[in-house]
Amino acid sequence: MENLIALLVAAPLLGAAVLLVGGRRLDRAGHWLGTLLAAASFVIGLVLFASLLGKDAEHRTLVQHLWTWVPVESFRADVAFRLDQLSVTFVLLITGVGTLIHLYSVGYMAHDERRRRFFGYLNLFLAAMLILVLADNYLLLYVGWEGVGLASYLLIGFWQHKPSAATAAKKAFLVNRVGDIGLSIAIMLMFTTFGTFAFGPVLTSAGDASEGRLTAIALMLLLAACGKSAQVPLQSWLGDAMEGPTPVSALIHAATMVTAGVYLIVRSAAIFNGAPDAQVAVTVVGAVTLLFGAIVGCAKDDIKKALAGSTMSQIGYMVLAAGLGPIGYVFAIMHLVTHGFFKAGLFLGAGSVMHGMNDEVDMRKFGGLRKYMPVTFVTFGLGYLAIIGFPFLSGFYSKDAIIEAAFAKGGTQGWILGSVTLLGAAITAFYMTRVMLMTFFGERRWQPDADGHDPHPHESPTTMTIPMIVLAIGSVGAGFFFHLGDRFVHWLEPVTGHSEGDSPVGVSVITAATLVCLVVGVGIAWAMYGRRAVPAVAPRGSLLTRAARRDLLQDDFNHVVLVRGGEHLTRSLVYVDHTLVDGVVNGTAAGFGGMSGRLRRVQNGFVRSYAVSMFGGAALLVAATLLMRAV
Amino acid sequence: MNPVNYLYLSALLFTIGATGVLLRRNAIVVFMCVELMLNACNLAFVVFSRMHGNLDGQIIAFFTMVVAAAEVVVGLAIIVSLFRARHSASVDDASLMKL
Amino acid sequence: MSFPLLTATAALPALGAVATAAVPASRRSAAKWLALLVSLATLALAVVVLVRFDPDGARYQLTESHAWIKNFGVRYELGVDGIGVALLALTALLIPFVVLAGWNDADPLETGSRRWRPTQGFFALILAVEAMVIISFEATDVFLFYIFFEAMLIPMYFLIGGFGDRAHEHGEEAAATQRSYAAVKFLLYNLVGGLIMLAAVIGLYAVAGNFSLTEIAAARANGSLHMATSTERWLFLGFFFAFAVKAPLWPLHTWLPNAMQESTAPVAVLITAVVDKVGTFAMLRFCLQLFPEASRWATPVILVLALISIVYGALLAVGQRDIKRLVAYASISHFGFIILGIFAMTSQGQSGATLYMVNHGLSTAALMLVAGFLITRRGSRLIADYGGVQKVAPVLAGTFLIGGLATLSLPGLAPFVSEFLVLVGTFARYPVIGIIATFGIVLAALYTLVLYQRTMTGPVKPAVASMPDLKARELLVVGPLIVLLILLGVYPKPVTDIVNPAVKQTMSDVHRTDPKPAVEASK
Amino acid sequence: MSATAQLAAYTTSTGEAFQFWVLGTVAVIGALCTVLMRKAVHSALCLAGTMIVLAVFYLANGAYFLGVVQIVVYTGAIMMLFLFVVMLVGVTAADSLKETIQGQRWLALLCGLGFGVLLFAGIGNASLTQFAGTGRANANGNVQGLAALIFTKYVFAFEITGALLITAAVGAMVLTHRERTERAKTQRELAEQRVREGKHLPPLPAPGVYARHNAVDIPGLLPDGTPSELTVSRTLRERGQVRDVSAEALGDLKALEQRAEERLDRTRIEPPHPRRTEEASK
């Protein structure tokens, strides 16, 4: 059974290799090949899942050792996969959602002449993501970690002829690299602390290490997670990443890749458990991002960027939950999975809208689309209800659990985190309602696009609607399914551990408060965008709105401090290298040149001049001889 | 008078000849100054011969004369051909090595 | 006596060089084919060496030893250890690609000219460099090594000064001037280094009485050859200076950008991927073995210089406007990593550094050769002259991207393994330096991606609109390199298995052991 | 012989002392004149004088053979050779004594002075009081003594100097002799060449201006009064011995016309420049 794990990775990897190397002759069938291989991977995942279910809870870990990768004395990295409850959850999410999005892309990218390449990249992403979650050691995880970064880079910049896409791709990769520093250093620290970086030994012996070292490792892991999961302060790339095709946004920048940070933290639970200071940092990061993303989401008129803000905010929830320790790990993952369903669904819905609207993304130019795109409207609506936490839908269970866990942290910390999560829920309800109202309700505000074509909104083809419907089903039912009998908690407990905190208030009170927040959020949104007509041109807005439109000035800060500063630094260094370092050398050379030029003048070519020096020399010799005799 | 005075005279003539070599530009005159230096040496040799009471010094002076004759022959030939080529007997004009 | 395999490996390209140079002027393509065949035959010999080499056997294998200059105890002594054999294989592997990539680089400008000899010269010089580099990797006699270490400069000088890119932004005359400037700069820098080394070599002879690396190292190890501390340090510095110039280490690096910028892409690969490796290789083999105490003494300063090289090289690469200069500064950054790994004095660091030499050879070759194809097509080295190439020549852009990703050490490609090993090895002993060096990976991503973005993406510039994609010959050059990069990234064990025992030896030479993990140490 | 006895003494006879001081002065003056004379001929003559004095000194020091050789070979042959060359190069050409190389004169004098001082100091320092004299060495005759040495002890050197002399003679011939590498051009070919080159088709103009200046070194005047170098032989031109008389000739012409005017009682004009006549008669 273990031997299947490698196939899980191999299938999409094969697809990527064939599609990217195969060339034009695969143009006609390549996308189906990619979809098929993704589906194959999903099937293998299901088989493995079934086999895990067949074992008792304590032995649900399969390890497949493939080959020794880098052996240098005590440094040993293996290519080995570990499949346990946590990773199989991810495997199913990744391959499942991945397959759906492959299917969706068949329709969405139908008119793109480079569709084969797109599917190659998607397959590459799947393979990398699977390596990330299946790796048995941190170094192999790092491979997957950067692999998804590469795939993300390639896919964000898929429409390379657009300079904005190329820039966004580069930015995403670079910001991720900053996070990668964290992962690198964390691995090095593990090596110097434990002498290994395989999950098994590191996590079991984490208790032997000093708290200082554990805190250092944990903080470095947090830095890595921030980069990959677009958490403050490394969140700036996610909004720009929406330059990529929408399926990419759905798969990579909503459902899977951006949650890798959460995976990393939950996987390293043993380390974080031993470093309370680092956990506080994690919750702070989560809480700040939660609000940050939500506020940004409120102000964006670009439907994808609004959803991106939402993603950031929801991942903030997960990170916050992961920072809570054993009381939160399970719920972080649960929210991750349900979020995977509804956010992917929302993005696919947004893609469907754009597909029908000549790739328009400005919500102010939508309006009243529910009549023209019924399937999209329904699926998007269900996803919307799920994300705002409408009772008995997925988001209701997973988000509620996180809010409860935040309160359960106890003490002042618990109150602060709980309030933040409640506030976040209200804002979520607000901005999602805003998106919903601006897109599907109100009067039509369509305008001809740049080429003068009037949009003719229409429902998308079947290949696109089927994935949306499936995801909508997931958004509706997953939460209830997981919640029933605490199935999910029991499933993950052996890996992450679980403990009930002592909540200062009752569960029902929190649920009620959440619902109140929800109603308030929806109400305000309806008052602002439902009752009144939405202006086609964005009003100036308050200072906060304007700041939020610009991602709360984070980019401007980066631009001024890092980009400008870096440019000045490199430019002055180029100058220094040319004038100072090279100048010293060239100066020495010029010095010798000048000296010999002057010495050359002595050689004036006149025999008599030479005769004088000879005669002088002879005189000196005579003098020396006489002196020698005298002495 | 001490015969050493011959040696002083020889030194004086030699110095005058050497200075002449350095000062004059006409190749012929330079050559003459060289001859003067050779003659000054010859005088010294002859005086040495007297000093030591054997004829070796005179022999050396004799050889010097022979060599000087050969040198003059070749040297003057060079001067003549130089003059033919450059229409000048100035040593300063033969300064191809100058800047 | 067995067949002198190592001599043959070096002699074959040397004879090939002579034969190539002797090909008549009218038979240019014969010279090219001959050079290619010779380089492939050398590769075959190198493979035989690789197979015959037993990683767990004696330290130096396939040894040959003959008296040469008896009066000074100079011997013709060859032998390879794991490090040498790895680099030997790398050199033999890269040369066929260099030859193939430079196939048309030395052709006459007018098709009609029959009396054109430089083509023959170009390929003969490449083979000559190969022969000298190979013998440098094999020599276990300090004097023998020195001779070829220096002699290498002669063919390199002519390759840099004589053959440049056809196109130049300021015209042919300016190109010739800058070429000769670069060549002279290359020569002078390396000559100065070599002269200082010569003094140290003579000094070593004065102290030790012979030139044999194995004998001196053995005598140093068992204490029969005592060196005063100051003597050892001076001699070490003499050797190290020459190697640092060759490597090149900051601040002795400025010859490299000029040389790589002005030479053709294959020659640039020859410089940075092959010739410069002799410098770092020699640090491992000569500096550490002959002067262990002094090496440890100088470690802090060298590590800081290497660190500066890493960050400085990367920052300057970001600021470049010329594709080749950018690659050159990136190489300086990478050489910083190699030197860092060598002097971190941990198994991981040194194995990583050796692996890095191999991987850097492959990755730079891939990136630089594709860049060369690009430059040949457009006739400009300036980044600003490109844009949107991806659209018109996707294969070229794809291979360029893979080369770039290898340069920024993407996991899954070969350089990642070595870079990480170097970082871990450094971090284990010098955490602060390790952390700062880690920042190099962000800068590497920056310069690579900026280069890719500006040249390959965006709207198609009119000047590149009709650019053809890679031809069969060019694919033949790039394809195998990329396959190797992926292969060694996924499965580097064959190389590490060869290198590890040699590194273990070197570690014991300098009396250093790896630091113990904290948890284990506390128990 | 009283002369030999005297020669063996520590001091010389008064006669010799007198001879030394008188002739020594002459020798030094001759040497100085050699260096300082502007014309090479004068230098050569002064040098010859110095050499003769030296010959006398040789005789006084018992080197009879050398004394004679000095006069016969040196003064008689070598100096004559010098004079011949001087004639070839141009007897009248006087050197400018103006120094052209910066600092050369001072450096030369400094070196000379320093060297002289050193030599004098060296000689003075050496304790040269013992003079064996040549009496015994010359007992069988000076020439015989020399011959005995030359043909025994110095025979190899002698042979080699012989070879040297022959080589020098051959060398001088090689250096000065110019081999004709091509056939001399005939009169006809020369004329054709002139026509082809298109210059000086007619014979070169003749030198001389009016009847009073028909010397070959005076260029003929062009109609505007400027001298034409072409009219003077090339050898003279190269030696720089062309006499420029154009201004002078014009002046003369003017004076002639004036005198004619005076004869005809025209206006009186100041007399011609007096220097003119001297120059002309030179």
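Note that the chains take the letters A, B, C and D in the order they are written out, and that residue 1 is the start of every chain.
The working rule: a residue touches a chain if its C-beta (ideal position, glycine included) is under 8 Å from a C-beta of that chain, and two chains touch if they have at least 3 such contacts.
The shown structure was predicted, so the numbers you read here are calculated from the model rather than taken from an experiment.
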If we look at chain A and chain D, which chains touch each of them? B
Reported most central chain by Cα centroids is C
Between A-B and B-D, more C-beta pairs in contact link B-D
Need the CA-centroid distance for the pair chain A / chain B, whole Å please. 97
Rounded to the nearest Å, the gap separating the Cα centres of chain B and chain D is 15
Chain centre separation in whole Å, for chain D relative to chain C (CA means): 72
So the centre of each chain is just the mean of its C-alpha atoms; given that, what is the distance between chain A and chain C in Å? 36
Where chain A touches two or more other chains at once, the residues are 604, 606, 608, 612, 615
What positions in chain D touch 2 or more of the other chains? 101, 104, 107-108, 111-112, 115, 119
Per-residue multi-chain contacts in chain B, two or more chains: 18, 22-23, 25, 92
So which chains actually touch one another? I want all the pairs, not just one. A-B, A-C, A-D, B-D
Going by the contact rule at the top, pick out the chain B residues touching chain A in the complex. 18, 21-23, 25, 91-92, 94-99
Where on chain A does chain D make contact in their complex? 604, 606, 608-609, 612, 615-616, 618-619, 622-623, 626, 629-630
Which of the residues in chain B come into contact with chain D in the complex? 1-9, 11-20, 22-26, 28-29, 31-33, 35-36, 39, 42-43, 46-47, 49-56, 58-59, 61-63, 65-74, 76-81, 83-84, 87, 89, 92
Parts of chain A lying in touch with chain B, wherever the complex brings them together: 600-601, 603-608, 611-612, 615
Residue positions on chain D within touch of chain A in the complex are 101, 104, 107-108, 111-112, 114-115, 118-119, 121-122, 125
